[in-house]
Every structure is written in structure tokens, then in C-alpha cells.
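First subunit A sits with subunit B, and in the next complex the same chain sits with subunit C.
Let's look at the complex of A and B:
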């Protein structure tokens, strides 16, 4: 259980780092990226920036994590409200 | 991010399932389009059986913000550069709106390279682009207001996206030759359409302003199938389930 939580903590840290890279100059230091943060509503990311994020995920985790394939099974409404927690859980499920 | 040089213009490219033998290149529409439109809809499904290559057209998405070259010959030149870069001997093509016209023109000039062609709500003549009537001579704010409300909700959930879209429309509509290039673009001859030997799937929205173009293409391209789906011009997003289904049946069925 402790192992599992630390893995998720590492994933969150990695994911948050990629988000900061993608948002770049628009990233505000006082903006905490937590599990509840959503990509479109809170981070206000454009769809092409989510593609950039997906590319970073693939380059880091390799073929085991097929982010684009996972998103394609979702309704567009669900993609708009996609949260960091959902991405962390998905990556975790691919790695364990 | 992966970029390639297409005739001096830097284009942003993405690939899914790069080791697969059969390849399909997907092209997006102008102004509010980028490769993200296909990336989050049909691309991952097609990637189960194909190498899928997507790129941001010049001036769009993460590609270089050039001010000229939105005419069909230049855009076909960009596609040709992508095909050369990946050394593709044969491939299938699919495109939405103006991207569909670029795909069609490529297939007309290089039929021996194209296995199958998918066209989604492309205007004909090219100057009948759905956005032209509502976007021309408008401010970026008015252009955004002219978009269907469901699309506004989808791409503008926050102020940051609105600011970026406004800047992009400002550049494309006011600082680039996009609209003047489109207005000058000649129609395609029916006799030329009738000479196309490539199997074509034509998907059009039942309340799209481009719907007549679908009828005309279907009436002239010999090996074509027209499917009219419930929706308007932004069919790949508006009716993604059905577009995906039609694409899978057409591109992934037997050759």
C-alpha cells in the first residue's frame, strides 16, 4: 500500500512537471497542480497543448502508456473535464 | 516536439503506431483546426491497424506562423513534403474541410500513391469554405461568436484558450493571405473529378453549408460513397462516433 502511494506520488510529480513545461510562460507560481486540477477548466489548456502533454507522457513512459488510445474511448465532454487524478490513475494502471 | 521542414516552412508532426506497414495521413481544416481534432477522435482508432501521421497545417497549431501559401498548390506541396519526409510509397489520405480538398487534389495529381481517400465536409468550389461567409471582414471576437455554441463550449472553457484563439484568428484572418488565397482558388473541373481512380468515402453533415459539394463529388467520382450524417460542418467532432465508425469500415476493411 505504501509502495503504491509513493508510485502515484511520483507519477503526480512527473505529470505536474510536464504540464508546467507545456503551459510555459503562462504557468503561475501560485498555481498548485493537484489531483483535483482539471486540464481545460483549471489549467485552461488548448487541445493542441494536451497533444504536446500526451507526447511527453509517451516519451517518458514508452508504449506501455497509450494516452491517445485511452482518451479516444472517452466522450468529448469527459475529455474537457479530465482531471490530473484520472491521468495519474490511468498511468498507474498501465505501470502496475 | 517533432517538426519537419516542408519547402522552408516548419511543420509540427505527430505519429501514432509508427511501425505499422499501412499508413494514413490525416489533414485538419483551417482557422480553428489543428491536428488535435483528429488526435482525439479518429486517429487512435485508425492506429490499431495503421501508422497514422498527423500534421498542423502552415499557420495552424504548433506549425510555423507563415503569412502566405494557403492556396491549394502550396498546401499540396506541404503534404508532398510530409510524404517525402517519411518516404511513403503508398498511403491513404483523409481530410476535413479544406484539408479534404488538399487530400483530394493530392489524389488527383498522384493517384498511383493513394490507396483510399476520405473527404469530410469539404467545400466545392474551394471558396465556398463554410467559415468564409461568417468570418470574412469580421473581428476575431465576431468570428468566435459565429462559431456554433457547442464548439465554443468545447474549445473555450477558459479565458486563456479564448485569448490564444483570438490571437490565432487575428493573425490568420488579418495578417495572412489565407482569405484572399481561398477567394482566388479555382474550382475543380467535373471531368477531372470523373478521372479519379481512387476509392473515395465522402462524409457530409445533413445541415452543413457544404452539403451540395458532397452530392457533386459523389456524382462525379466513379468509385465513391456518400454518407450524410446528422450534423453541421464540424462533423469529426460533432458526430465523432459515426465518423469513426465509417472511417474504420472504409480504411480498415479489406482493400
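Let's look at the complex of A and C:
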């Protein structure tokens, strides 16, 4: 249980780092990236930024996490409401 | 001689190219009619009937959507941005509008008996009626993003768009599993393959004609004398005719970026967006854009397809800050062409905007690339070429 939480915590940290890279640290202001943060509403990420984010995930986790494939199968509504928690859960499910 | 019927949505950006092509057809002796709404959904260009080229005939389309329905769209639109806009456009605008105007368009077509119908890719009542009545029709793609995938790599999103269209078609009795909103015989794209991206391969009936901006008269007043007198570099800054949330925040950053600088700014925005008016700013709610562009050095735009192509047609590089709809795609085209720089609409800092504009002014490569795109537009043939394509479709 503790192991699992720390793994997810690590994933969150990695994911948050990539989001900061894509958006640009300068633009993050005081925004915290937490599990509830949504890509479209909270982060105002555009589709091309999400694609860029997906590339960073691929480079970091390699073949174990097929994030682009997961995204491409996603319905429009799901992409609009996509949260950091869903991404963390997905990566976690690939790694465990 | 032929009889050509344009079926247009109440959106200035979609109507304007038809005015130039229509004028060209009229000058060749054809009969040209426009079926549309008397008033525009947004913007204030005056009744459509008054804006048609001389000799053109206006036919008012009956619409089951009432003023209240359109008010709701106009009210909701500014708060929709980014990924949500695709859903909003199909579910709240394109499909209800096509449904609402189909009967009206059909009865006009029965009365007029056109040889060719021209529909807008996103206002497809005209296409549906043409398909049903087996009349040759052409489609005007008023944004070149309309011939690309809405979200590259997101297959389900593309499928979603396709499904919405097929669902709509079936509900109105079009027994066809292909989307009919883009004609299978002639699709006119107001861009060039070079600008859209040469790696894109298009079928033969996709004809790229570049911007269609000739034969237009715009009497909107503008202080040209003042603009011509200034010796500093001039920047045109416009977010188009559609109001958008955060417009005020956008222009207050513009003021911070450019006041007290050796630049002249022409800002297209309502006066109440500004707490103060810097000496080097000309602020107008509306401008005669095609007439102003030849006098400026670069453009800051939301990456609306018309503004971008009109700027490039003048060899002007751009800073693009896409907000929604097709703008992200169009902004990507600008950047890929090397004809401009992209900033984030909500997140840029005044210093970013200042630096970007300075780069466009001082680094000649952006202007060279803009001129390269211009050359491809000029070669594409514009309204004259579009009119010839329509004539071919008739015969």
C-alpha cells in the first residue's frame, strides 16, 4: 500500500514536471499541479501541447506506457475533461 | 450564361470570399444569387443585401432557429475555447443551423433553379439540398483547417466529427455514408498547398485558389493620413470580429508591451477595453482591414484564417495567439511556414509580445517567408480562379 502510494506520488511528480516543461515555468505563476487539475480547463492546454506532453511521457517511460495510443482512443468529452489523476492512474496501471 | 447560388451562414468571414468570387462571376455575365440571413450573427457589417456586389440578388432564407436561439449561441461563444470549441461548433452551431435553414434553402432552390449551388463547408444546408435535388454543387472551404484533421492523432475525435455529420445527414434523409458537406466534385480552398503544408496530399477536386479579396469596397472610416505620417514601424493588432473572453486582459497587456515605444499600434477593439489610450495607439472597433494592411509592417492576430491569409497576401509576418476553433491549426501553418511566431492567448507576458513583434521587425527571414507564401497565393489565382472552377462545374 505504501509502495503503491509512493509510486503514484513519483508519477505525479514526473507528470507535473512535464506539464511545467510544456507550458513553460514562467507561465505557471502560482498554480499547483494536483491530481484534480484538468488539462483543458485549469491548465488551458491546447491539443498541440497535449501532444507535446505525450511525447515527453513516451521518451521517459518508453514502450511500457503507450500514452499516445491511450489518448488517440479517447472520446472528445473525455479529452475535454482529462485530469492529471487519470493520467497518473493510467501510467500506474501500465507500470504495475 | 449560368445561374449560381451561394448559400452562406451569417458570419462575415464566411461571406466575404463569396462576395469577391460572386463579383467575378457577375462580371463574366452570369446571374449570381446569395441565400442567407439578413443580419450577421456577430460583427456589424450591415445587412447582407446591401453588401452584395452590383447585380447580385439577395434571397432571405427562412430559419427555424429564432433570434433567441442565435442570442444563446452568441452569448455562449466567448466562454468556449480550445478543445471545447469543436464540440460547441458542431452541437450548438453547425448542425442546428443546417437543420434550421434546410427547408428555407430548399424552397429558394425550387424557385430559383440554379445551375450550380455553392455551400460553405461549415454551413451545409446548401450541400444537403443540392445533394437531394441532384444539382451540381461546390464547397467553399473558408478555412483551410477544414481540409485537415481537426485534431491530428486523436482518431476518436475525428471519428466523432464524422459520426455527428452522418447522424445529421441520416436524420434529414440523406442516405449516404460519406459526409456531403464537402462536394465530391469541387472544393475551393482559399489558401495554397505551400501554406497548408506540402506534405498534405489532396484529391484532384480540391482546388487551392489563395485569398479571395478582390472587388471589395469597404467604407469603414479610418485615419489613414495619421498612419501614413508616422515614421515608426506599424503593427496591426486584431482578434477578429468575434468577441472573446479575456479580450480586455489581452489588450491591457498590449498597452503594457507597446506604450512609450517607437512603434505605432493599430488596435482593433472596443474602446472600453482600454483604461488609457497611449499616444502611439490608434484604436478602432472596426477598420477597413484590406485597405489598412498595405500600410503596416506586421500583424498580431488570433490566427483567424481570413486575417492570416490577408496579412500574408501583403507579405506581412504575424504573431499568432490562437484561441479556439481552427485557429490552432492556422497558427501552426504560420509557424511551419516560418512566417511568424506563436504566443499563448491567455498566458503570454507583455515582454513576450514586445520581443516577438521586435523579432518580426528586425529578423528579415519572417518577412521573406511571408513573401514566399504571398507568391504562392498570387500564383493560386484568387477569386478569378475560383470563378473559373465554378464555370467548369456548370458545363
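Observations
Simple rule for what comes next: the second predicted complex is superposed on the first by the 93 of 96 C-alpha atoms of A that agree within 3 Å, B and C clash if a C-alpha of one lies under 4 Å from a C-alpha of the other, contacts with A are read in each partner's own complex, and residues count from 1 in each chain.
One rule holds in what follows: a contact is a pair of C-beta atoms (placed from the backbone, for glycine too) under 8 Å apart; a residue touches a chain by one contact, two chains touch by 3 or more.
Since the model is a prediction, treat every value here as computed from it, not as a measurement.
If you put the two complexes together on subunit A, you find that subunit B and subunit C bump into each other.
Once the two complexes are laid over each other on the shared chain, residue contacts for A:32 go to neither subunit B nor subunit C.
In the superposed model, A:13 lies in contact with neither subunit B nor subunit C. Residue contacts after overlaying the shared chain place A:55 against subunit B, while subunit C stays out of touching range. Looking at the shared chain after the overlay, A:21 reaches neither subunit B nor subunit C. Looking at the shared chain after the overlay, A:72 reaches both subunit B and subunit C. Only one of the stretches 74-82, 110-118 or 218-226 in subunit B has C-alpha atoms clashing with subunit C after the fit on chain A, and that stretch is 74-82. Common to the subunit B and subunit C interfaces on subunit A are residues 26, 40, 44-48, 51, 68, 71-72, 76, 79-80. On the subunit A side of its complex with subunit C, the touching residues are 23-24, 26-27, 40, 44-48, 51, 68, 71-77, 79-80. Residues 81-84, 86-87, 151-157, 160, 322, 328, 332, 344, 346-347, 349 of subunit C are the ones touching subunit A in the complex.
Subunit B meets subunit A in the complex at residues 1-2, 14, 16, 34-37, 39-41, 43-45, 47, 56, 61-62, 154-155, 157-161, 164-165, 237, 240. For subunit A in complex with subunit B, the touching residues are 26, 40-42, 44-48, 50-52, 54-55, 66, 68-69, 71-72, 76, 79-80.
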